[in-house]
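I've put the structures underneath this note.
Across the two complexes that follow, chain A remains constant while its partner is chain B and subsequently chain C.
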Partner chain A sequence: MQDIVFAYKDITKRFFGVRALKEVSFELEKGKILGLIGENGAGKSTLMNIMGGVLKPDEGQMYLKGSPYTPENPLDAACAGIEFIHQELNLFTNLSVAENILINQFPCIRKTPLINKRIMKESCRKLLKSLNLDISPSMLVENLSPGERQLVEIAKALYSDADILLFDEPTTSLTAKETENLFSIMRKLKDEGKSIIYISHILSDVIELVDDIVILRDGQVMGGGPIEDFPVNRMINLMVGREISNVFPERTNSSKKKLVLQTDHVSETGMVRDINLKVHEGEIVGMFGLMGSGRTEFARMLFGVDPYKEGSISIHGETLPKRNPQESIKRGLAFITENRREEGLLMDSPIIENIGLVSLPDYSARVTRLVDSKRLYKRSNEVATSLRLKCNSLKNQKVKSLSGGNQQKVVIGKWLLKDPSLLIMDEPTRGIDVGAKYEVYLIMEHLASEGTGILFISSEIEELMAMCDRIIVWSRGEVMREFEREEFSQENIMRIAFRQELEDASEKRRWQ
Partner chain B sequence: METNKFMKFILKNSTAVLFVMIFVMFGLIAPRFFTLKNFQNIMSNASYIGIIAVGMTFVLLTGGIDLSVGSTMYLSVVVCGKLINEANFPVFPAVLISLLVGATVGAVNAFSITKLHLVPFITTLITQTIARGVGLFITRSVAVNYPDSVTLMSTSTVAGFIPLQIFIFLMVVLVACIVLNRTRYGRQLYAVGNDLESAKKAGIKSDRLIASTYVISGLLAALGGFVTITQIGRVNAGFGSGDEFDAIAAAVLGGASLFGGVGTIFPGTVLGTVMIEMIQAGLVFANVDIYIQPIIMAAIIFSAVFIDSIRTMQIKKLERRNILKA
Partner chain C sequence: MKQQTLVKIKSRINNWGKGKADVQDAQVEISRGRSLAKKILMSEYFVLYLTILYLLVLTPIIPRLWHPMNIQNVLSNMWPLLVVAIGQTFVLILAGIDLSQTSVMAMSSVVGAVVMTSSVDPVLFTKSPLWGIFLTDQGGLMGSSPLALPAGILAMLLVGLIIGFLNGFSVAIFRMPPFIVTLVSMMLFSAMAIFLTKSENIRHLPEAYLQISKTQFSVVSMSMVIAIVLAIVAHITLNRTLFGKRLYAVGINTTASEISGVPARRTIITAYMVSGLCASIAAILYSSRLEMGRPTLGSTLFIDIVGANIIGGVSLSGGKGKVTWTIFGVFFFIILANSLNMLNLSFYVIDMVKGSVILVAALLDVARSRIQKAQN
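Here is the complex of A and B:
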């Protein structure tokens, strides 16, 4: 019998009458990593928020080391030794690494209110070292890379000497190497007797890392136990509630027709060098590369958000004006950005305002420019239905309250209203679950079959290989090679992306 | 690459660069600008706006704004004067009470903003009107005169050579610097200004911190008012109006961001304040028409704030990572 450090017992939670959790019970053992998986909207976040004192359960109890645990606020949770590492970082970019780590517990000089900077730096230096993070404690967080920031976030949680750590999708912004480092740190923590709950959509990571697993669906525990008892198929089966024979849909082979996008010698100092590429109607073209290889930067230039020095971009044979997203949209470009929270959505606005945002001019009367909201609603509703958007009300429900997969559908819906001829998708499946991913693939396939050209940026090589007609491999701002579908090979693509020798690109990424 | 580094240096230190530029410019226009007497004048004029600007910096750091400081100054010195003149209070307790009046106005702001969730801009615009109104109600808009016991203070010095008002200013700056840089309170203030949501999640009592900045701002406005009356000895109905503009300008010239999270007392706000006084003195030396002076003043502040906004963008651009550089 192992020690149980934390237990949920019959937790039920409703939001405005809608049940989010139903009689959830499971236990976390000391010195183990528990994987918590489930589709978006299955109730993982609600469960975590209840543990963290952000929400209160309607029914049921929690037990911390055998005694009842009723946190009133996040501070109570922290005092009880429970720390969260969120998907989105909670760091203050204008403060130093050490200040971020100690933000609520600065060491003071004797009894004065003055911060003891020496002790502060000393204790952080040790901590950073244990995380294999080679940065100075006095460095400002704004100068760190996403991966380094994630590790600082973890250092924050570790400093308070928590017994229970919750990792919510910690790897989404990390490179493969940084992820490997994170996993070894998590294993080390486990060996030190800490208990960890790990939430992730990347099932292979879960299998590699966790000891036990709990699967949630629609607010209920569908199954749980030692990871050995749950092969991937069974996990997916329990998560989705239906058999997904294929993770990817069948691609209908679209014959190449008219040229949609052509770029000629596009260059920008320090960003991209001499980019020539073509996308045809009905073609899905993948862009693969390591983080910081210039794909996102190039996409932003294409869409007209960022400037480029040389070269030209044309759509349907017409040259696209530089730095003019409005003109780009008019000519049929659509851009699904990498981070939907910051760049893709108005989180506090209702769904319909988000879906209608780009096409409002198309729905306004000729002279008065008043928006015909009836027509907009009708069309938005059609799009929402075709995307199988799960929501209560287009008009009243805020995007914030949707699950990640459904948020992504809102972003896609926004552009579908414009009937784009070229759709740029930057990591469209990041942070969404298997079921929602499959639906995004289906949408892509459907759009391509109707003649939309798709530029598909992704770091997941499997999805690129399954979905694309061609894959363009990037490295350090240059196109290294193009692969036709027949030539796809995971190993070759990776080797090209790494410029054949496996040198460390992440170290040299930042430029001071 | 070298020009890039140079540009970055200029942009990052734009306050200091601007300071030197203005300094040299007026020196060339009017050589009399470079006299010890003139610098002493600039410093002692800078002291009262400087004290208010320090309070303003606290508020700006949280992303707020305090438009009520000018009226707060007026109300607090009126109370001080009435206590001394009509209630025969000794100077010291009268000053203490006037400081309390300032803090109270700040507390009203704080309460409305953090508890009633009103927008700082509107809240402080309202208290601006109220504080001025109460002051005018007390005085019936008649000027208040201060006895010699108050005005003589302006001639007293600390340690034999530092005029009292400058000493008070330096003390305020010193304490504010220590508080912002070396205490948990100060560092958390920066955190709140950087990302309010994250600050709340980190368990920082952000409401309490934000509230405190308005109290500090009100208190320092009252102190600034007191420092002024020691110099001018008489206060009329328009006293302090428009000073909020100078205080905000001083903080922003010094690099504080109106969006919160960015700004320093020293060198920032201190340099900003001295810069404003330098421009004002310089315009006098250069014999610029007195009615044109405020326009020029405003234009200079406009350009400084404008430079600040392009600066922020440029720094971002220059610091954008360079992928090609292997």
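Here is the complex of A and C:
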């Protein structure tokens, strides 16, 4: 039993009488990667916060290398050799890479308070090299890609020589290549004897990476053991507690031949080049590509958030004015942005204010501009019910207290109130749990069957292949190819999206 | 054998439960007291409770507080401050700030007087750049006309709207920080008001104008009616209209609001215009009371305006604020100043106390949002 580095024993935690965790027990072995999965709200974060000294358990004990472990604060956890790599990165973007890594322990020149920059850079360079990260330690973090930032965060954890590393959804903002690199580093850390807890929603990643798995549901451990014993179906069953035979709903072909969106030669220097595409009523059109391939940028131009130089966009045959989201909304466009917190929601406002925001003008009197809040509430309530939004009160509950999936439903709801004819969805299933994902797909299918055209941007090729009538593949600001549903093939789509890079990556992998 | 152990365990559980119950009772007592304190602290009416408590404590110490003359004095100080503070609330909800309100008051006061005055002293005003065109021996522009009053008031309101528009335009279209924009316009227009009049007060305003502050039916004065009507209109605007809802949305998250089709720029410009308009309405009340157009009007008022808002609970970080809160804040602030005056404290001491109170209010705001976060 020597090789158990960390153990939870009968941990129970309640928040204001609501039970978040119930008698959770499991163990982490030395030199292994443990996957922790569960829907949002299953208690993963609470469990991690207890380990990190942010919260205290109501009942139960924790053991670190066999001896009781009772952290009073996050510092205790850090001293005990436990480090977090969070989903939202805690980096200072205005500081350099080296400064970020050494933020807690700057090397000083003898006993003066002056920082020894030479030693700082030297030790960073070594560390970065061990992570296959080819950047200068003096580079500012704001100039790094999300993947590089993630690695800097890991370097920071490694610098303090932690034995136990916690990764909370580290791959959500990474490209496939960066993910691959991250996994190889995690395996290397494992071989060096570090123990890792890995939290993720992406089950295929979990299967690829972890040795053991623990599945949480409603604050209880539903099952756990070597990953070999847990095929995907079993994992999902345990997580959601209901049989999901297929993770995607059946698509009925409802596409009509009436054109909703047409773009002609849309170009903007450094962003997108000569984009021509069409979306028909009731059609779900997927847009696939790597990060920075121009999909999101194009969606923003389409909706009128960002400008474009050449070309034109028309909705139902009418030309759409540039850079005017209000006009776009009037003509039936709706835009679910990729980052709900920053661009989608008023986190500090009640749900009703969020759902009503877009269609407020429709509910306000002509001259006095008084808002008919009764009618608005009634309609919002209908939409919330139809989306199966889980909340206590539309009027009093703030959006930030909802889970990720329910927050996304609020964003969708605010556009549904407007009955859009073209819905642009940019990564609508990112960071939400399996059950909520399925519900989002159902909503999409339902909207399409009623004639809404949907432009569906995603980095998860499986969901695109399951949901779309066509997939448009992007690379470096250009549309490379369109695939009809009959021609869908994961390999072909990937190859087109990666262009030459596919060969490069595979070569690199072989070389490692 | 098995059962015996089971019974043992059971009785153990029961006893243990009893011990715990006692502890729990005590804890419930404590937490009840705590939760009441928390409830009061978290209540929207916290400042009002505080004011009432303050009055109760002060009554035996300063009985003169309740003298009709003093009540009238407190109220007449309160209404104009309330009007200008409500304007500031609109901008604060946007996470902005309007430092130029005091200069709007000065400019409004001067411009209104220049339009309305019936005679000016040539000795004082010949050096003014306005002399000969806007100001002559015969008085101001409309000095002798029966339309002097409406023209003067219109001019005053226009001054507020124009300066507010300039502020809002710079903030919304050029995306300049509101602090710098309004700081500069404060400097510019305060100085301009003094420059235009060579720092002289303009007297001889029409009798009808002076009546605004003189009209009084027992406690109800004209200023009171104006201020209360304005407060009601502002309250409805913030809570029930499209503009109000959008104002909060922009204050909480401008980007998300824009993507949701909120005309953020127009909303911002309108908010600054409301702020300017309220300042000029306050200038009408103040100038009427002083019976003159005064180029330094309101120059010491800024801390009172923002202080009252903060005490009321309007957040400087935007998205949070209500007219009722501002009313409570103004009420408390005025009573504080009045009571300190009556204690015969010096001007400096009064300012020190005022400053400390605003500081405590800001701290309280932080504490409240922390408690709220913990509750979520």
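In this text, the second predicted complex is superposed on the first by the 497 of 512 C-alpha atoms of A that agree within 3 Å, B and C clash if a C-alpha of one lies under 4 Å from a C-alpha of the other, contacts with A are read in each partner's own complex, and residues count from 1 in each chain.
Just so it is clear, contacts are C-beta pairs under 8 Å (C-beta built on N, C-alpha and C of every residue); 3 or more make two chains touch, one makes a residue touch a chain.
Bear in mind that the values here come from a model prediction, so they are computed numbers and not experimental data.
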Chain B versus chain C as contact partner of A:F335, first or second or both or neither: second
Chain B versus chain C as contact partner of A:R476, first or second or both or neither: first
Touched partner set for A:I207, first chain B, second chain C, both or neither: neither
Touching partner for A:L345 - first (chain B), second (chain C), both, neither: second
Contacts of A:L140 with chain B and chain C, given as first, second, both or neither: neither
First (chain B), second (chain C), both or neither touched by A:S373: second
Common interface positions of chain A, toward chain B and toward chain C: none
Touching residues on chain A, where the partner in the complex is chain B: 73-75, 78, 86, 90-95, 99, 103-104, 106, 108, 113-115, 117, 269-273, 292-294, 297, 476-478, 508-511
Chain A partner contacts - residues on chain B that touch it in the complex: 178, 182-185, 187-188, 190-191, 193-195, 197-199, 201-204, 261-262, 320-326
Touch list for chain C against partner chain A, complex: 236, 240-243, 245-246, 248-249, 252-253, 255-263, 319, 375-376
Chain C-facing residues of chain A, complex: 16, 303, 305, 325-326, 328-329, 335, 337, 342-349, 353, 356-358, 360-361, 364, 368-371, 373, 398, 400-401, 414
